[in-house]
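Paired with chain B in one complex and with chain C in the other, chain A is shared by the two complexes that follow.
Now for the complex of A and B:
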C-alpha cells in the first residue's frame, strides 16, 4: 500500500479561518485518506464539520447518515445516529492549543458516479481539562454524485477559527 | 544551469509534485537528498519492522521525523489473561514514561458484550485488554495512529483498534478508541508490551510524510 499526497492545507499565523477547502484533489476512484493534524481553534468549544465538494461547490443536500461513538477518558461513552444531515461532524470539543484534534478520515467511492460516498473517521484529541476524547464513526451520503473535494469548517469564531499550525493533508491510497 | 544542474534555467523552483526538466540519475539523487524530488514510493514510509521472540517489549528507538506515525502488529504470547500497552520515551528508549496516560476505549466481544474502558491516570496507553494469546493461533492484531509524538509543544495522542481472542471464551474481542499523554514533551522512542508474560511476532512502524 502506498499513500500519494494529493492535497495540503496549513493554517499560518495571520490567516486563521473558519473554513478550509481542498478542491479538485480527488481525481480517481481510489480510496482517499484525509489526515487532520494539530487542529486547534481560538476558543473553548468548537465542532469540526465536513461536506463533500464538486469543484468549488460544497454539497449541502440533507442526505448524509452517520453512526458514531464518542469515547472519553473521564466519562461514559456516547453513541449517536444522525440521518439526513447536510454535513458530517468529524469531532466536537475543539479547544485551544496545546489541546488539539487529530483524525484520519477515509473516503470511499467519492469520485464514483455510480456508488454512494462512504466514509470512516477515527479522531482523537484532548479537552481543555486534558481529558482524552475520541470519535469513531461511519457514514455515507445517499447520492451517486461524483465528488472531488472536501470542505472543512469550524463553528468556533474565536481567533478567527482554525489556528496557525492546523494542518490537513489528503492522500490517495494505491497498491 | 540550476542549482542541481538540470536543463531548465535557474528560475525554476524544484519541489515535490512540481519537478520540471530533464533529470540525470545524479540530479534525482541530489534532489531527493534535498527533499525536493517527487517521491515515487509514496508518503507512507517504513521506519522499521521488528521481530520479537519471547520478548517482554518491542521498542522503536528511531522515530524519524514525522507528525503522524502508523504502527501495525501481530503478536502471540504466553499468557491467557493479558493486555497490550504502549509507552513513550524522551531519552531514546533508555526509559519510558510510566504515568499520566489517558485512554478512552470501547471493548467488545463475540458474545455481544460491550463495555467502556478508560482511565485518566494510567501507567501506559491501553491498546487491548483481557486477551488470551497463549494458545496456538491466538494473537494480538491491530494498528495505531500516533500524533505529535516528537513535538515538545503538543500533546502526544493516538487512535487505535485491535482484534484478539477473549480471555473468558474462545470468541473474538476487540478494542477501539483513543489515548493521550497530556504532558508537553518531545518523544524519541515508543514501545508496545504486554502487562504480563512475553510476546512473539512482528510490529512495523511507519511515518506519514507530508509536503507543504
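Now for the complex of A and C:
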C-alpha cells in the first residue's frame, strides 16, 4: 500500500478554529485515508463531526447512514445504527490535551458520480478522566454526488475549538 | 513516493514467551502501522501489546486504557476493557495452539509514540481462527507523557500451559505527518 499526501491542515497557536475544511483534495476515484492526529479542543465535551464537500460546499443532506460500535475502557462496548443523518460523528467526549483524539477515516468512492460514498472510521482517544474511547464505524452517503473534500467541525467553543497541534492529513491510496 | 515506509520487520523463528522490537519508533515518523501475520503459539492465549521506553525497558505499569469489541462465529464474544492495566490486551487477537492451520492476522495503527508531550494511542483490527473465528476491534490510550521507542508482544494464557510464541511476522511502517 502506498500513501500519497494530498491535503494537510495543522492548527497553530492563535489560529484555533471550530471548523477545518480540506477542499478539492480528492481528485481521483482511488480510496483516500484521512488521519486525525493529536486532535484536542479547549474544553470538555466536544464532538467531532464530518460532512462531505463538493468544492467549497459541505453537503448537509440528511442521507448518511451509520452503524457503529462505541468502545469504552470503562464499559461494555455499545452498538448503534442511525439512518438519515446530515453528518457523521468521528468522536464525542473530546477534551483538552494530552487527552487527544486520533483516527483513521477511510473514504471509498467519494469522487465517483455513479456510486454512493462509503467510509469507515477507527478512532481512539482518552477522556478527561483518562477513560479510553473510540468509535469504530461504517457509513454510507446514499447519493451519487462526486465529492472532493471534507469538512470537520467541533461544537466545543472553549479556546476557539480545535487547539494548536491538531493535525488532519489526507492521503490517496495507490498500488 | 509513498509516505508510508517500512521501518522494521521481525520474523519469529524460535519459541519465546514474548519478544521486543526496539527502536521502531523514532523522530522520523508520527504514525505507525503494525501488520502481524500468522503468529503461532503453543497454547490458547491472548496476544497483547506493551510499549518499551528508550532504555529498553518494557513499561508494565497500569498506565494503559483499552477496550476490545469482539464478534465470533462461536456462541459468546469475549468483550472487555480496562482503564488502568499493564498493556493493551488482545490488541493482536488470539494465539491458538499451533496445528498448522490455526493462525491470526492483525492490522494496527499507533499514534505519536515518539512525541514527548502527548499520550500514545492505538487502534487495531484482529482476526483469529481456532474452533471459531474471532474478530476484534481494539482501541487504547497509553497515558504517560514521554517517548516510547519500541513494542513488546507478549501473551497471557487462556488454556493449556506455558504458551510460547513460535512463529510469525511483524512488519512496522512509519508515516510522517507534515
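The rule we apply is simple: the second predicted complex is superposed on the first by the 175 of 175 C-alpha atoms of A that agree within 3 Å, B and C clash if a C-alpha of one lies under 4 Å from a C-alpha of the other, contacts with A are read in each partner's own complex, and residues count from 1 in each chain.
The rule is simple: contacts are C-beta pairs under 8 Å (C-beta built on N, C-alpha and C of every residue); 3 or more make two chains touch, one makes a residue touch a chain.
Just so we're clear, the structure is a prediction, and the values are computed from it rather than from any experiment.
Taken together in the superposed arrangement on chain A, chain B and chain C clash. After overlaying the two complexes on the shared chain, residue contacts for A:74 are found with chain B and with chain C alike. By the touch criterion defined above, A:131 reaches both chain B and chain C. Residue contacts after overlaying the shared chain place A:106 against neither chain B nor chain C. In the superposed pair of complexes, A:122 makes contact with chain B and with chain C alike.
With chain A used to align the two structures, chain C clashes with chain B at 148-156, while the other stretches in 4-12, 22-30 or 148-156 stay clear. Common to the chain B-facing and chain C-facing surfaces of chain A are residues 1-5, 8, 35, 37-38, 69, 71-74, 76-77, 97-100, 102-104, 122-126, 130-134, 136, 167, 169, 171, 174. The residues of chain A lying in touch with chain C in their complex are 1-5, 8, 35, 37-38, 69, 71-77, 97-100, 102-104, 122-126, 130-134, 136, 167, 169, 171, 174.
Residues 2-4, 30-31, 65-69, 79, 81-83, 109, 111-112, 115, 117-119, 121-123, 125, 137-141, 143, 145, 175, 177-178 of chain C are the ones that touch chain A when the two sit in their complex. The touching residues of chain A, when paired with chain B in their complex, are 1-5, 8, 10, 35, 37-38, 69, 71-74, 76-77, 97-100, 102-104, 122-126, 130-134, 136, 167, 169, 171, 174.
Listed in rising order, the residues of chain B touching chain A in the complex are 16-17, 41-44, 67-68, 102-106, 116, 118-120, 145, 147-148, 151, 153-155, 157-159, 161, 176-180, 182, 184, 208-212.
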